[in-house]
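Each of the next two complexes has subunit A plus one other chain: subunit B in the first, subunit C in the second.
Entry: the complex of A and B
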């Protein structure tokens, strides 16, 4: 599943580690999600959406 | 909209080459493994000398030095990389996970020291044989294993994030496939008279190796 996580992170000038800390996941998890290797669970997707104050479908898109 | 490549320092953060991923993970893990190996080697070396009543020998001092160096490396590694990876944030969850991993590895290695007891056959024979153990020692170690392993596994699993859990499940699945493939074939070969009797501990080690390789392959590719 494609997503805009990397761009959203870049807009805030956050490192992967910083974003990982805010989400309480590993840096590896952020990397895996950004590169599309891992689709986050629904609870994690909600945490991501709340962190960026966006809706889930504004960040993740299965039709891109 | 900002492109992540425009931000200084972001390129290194986004380096997903095999070498970069290996470096991020392998450096802390190898450091930890080296320290733990030295620590436990020192412990085993010392325990053997004590069992042989060589308490005053130079070997005991050597064992203590090796053990202390190993312990220092383990502590330094864990303080620098609590999650045994580089760049991970340190949160209460990751600290709990890190400590659970340390406990799990240390406990597993401690159990193996049970078998490092000298006898007429020598250390190597004791370590890698199916020879008898004193009943109290064997039952005690088995009970400790039965109680501690599920507990440590539950704590570890509860405190890992979902990507790490996926890696664990993938590795465990590969270990299970290894067992269901090799064990019946070996058993049939034994019954057919072409293979020695199946050894449960060889299968156990095989499962661990298959799980580890699968986990690493998934992690690095």
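Entry: the complex of A and C
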């Protein structure tokens, strides 16, 4: 699944480790999500959406 | 405004360098502990066989145990940690991650301690000439009470700790571990009948309990490597 996580992170000038800390996941998890290798669980997707103050579908898109 | 953040005196290492240092500490620490542990067990066996324990012997064993404690302390002391700035940054997410890392280290230490106790107890109180890897089960002899204690510890080390560990990892690592466990389980389910059939055909020796155990472990490890590479 494609997503805008890398762009959103870059806009805030956060490192992957910083974002991982804010989401309470490993840095490898952030990297895997950004590269589309791993789809986050629904609770994690909600955490990501809340962190960026956006809706889930504004960050993740299965039709991109 | 006063800056209470202590200055960063240390040069920050890259993530790869940190991993390398941690890897070196783990490998070096484990080798040193195995060496010292084996030395302590060997010395203890020699002392008990002689049947005449002296104060000097106790002091030597105490010294070896102290050296082991020193190795553990050194590993803890030199373990690369986030710099003060990184450690202070962020909110509850970072705090939870740090807490989880500490808990993980505690469980790894606990598992290592259980492994050490099991290894020491089986080596020290072994009453037979059997070998776990050789399959000569009739020659394996342990005091019944000790056998029960070790069985309980093994259940803890191989079942409770790994399952509880699943609660401490995130989705991504859990997925990798599920793949690893599935690989190990499927390999045993298929491995045993395949081995038996190949033996019946005269290709390989008969199935061996430790061989089945090894299949599970090796395939679990291989599956984990595959998952790390693919995911």
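In the analysis below, the second predicted complex is superposed on the first by the 64 of 64 C-alpha atoms of A that agree within 3 Å, B and C clash if a C-alpha of one lies under 4 Å from a C-alpha of the other, contacts with A are read in each partner's own complex, and residues count from 1 in each chain.
The working rule: a contact is a pair of C-beta atoms (placed from the backbone, for glycine too) under 8 Å apart; a residue touches a chain by one contact, two chains touch by 3 or more.
No experiment lies behind these values; they were computed from the predicted model shown.
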{"item": "Subunit B versus subunit C as contact partner of A:10, first or second or both or neither", "value": "first"}
{"item": "Partner chain(s) touched by A:21 [first = subunit B, second = subunit C, both, neither]", "value": "both"}
{"item": "Partner chain in contact with A:32 - subunit B first, subunit C second, else both or neither", "value": "both"}
{"item": "Contacts of A:63 with subunit B and subunit C, given as first, second, both or neither", "value": "neither"}
{"item": "Touched partner set for A:44, first subunit B, second subunit C, both or neither", "value": "both"}
{"item": "Touching partner for A:53 - first (subunit B), second (subunit C), both, neither", "value": "neither"}
{"item": "Residues of subunit A touched, compared between subunit B and subunit C (which is higher)", "value": "B"}
{"item": "Shared subunit A surface residues [contacts with subunit B and with subunit C]", "value": "17-18, 20-21, 24-29, 32-33, 38, 40-41, 44"}
{"item": "Touch list for subunit C against partner subunit A, complex", "value": "15, 86, 89-91, 93-94, 96-97, 100, 169-173, 175, 230-231"}
{"item": "Interfacial residue positions of subunit B with respect to subunit A in the complex", "value": "1-4, 6-7, 9-10, 13-14, 16, 24-25, 83, 85, 87-91, 93-94, 161-164, 166, 219"}
{"item": "Residues on subunit A engaged by subunit B in the complex (per definition of touch)", "value": "6-7, 9-11, 13, 15-18, 20-21, 24-29, 31-35, 38, 40-41, 44"}
{"item": "Complex contact set, residues of subunit A against subunit C", "value": "17-18, 20-29, 32-33, 37-38, 40-41, 44"}
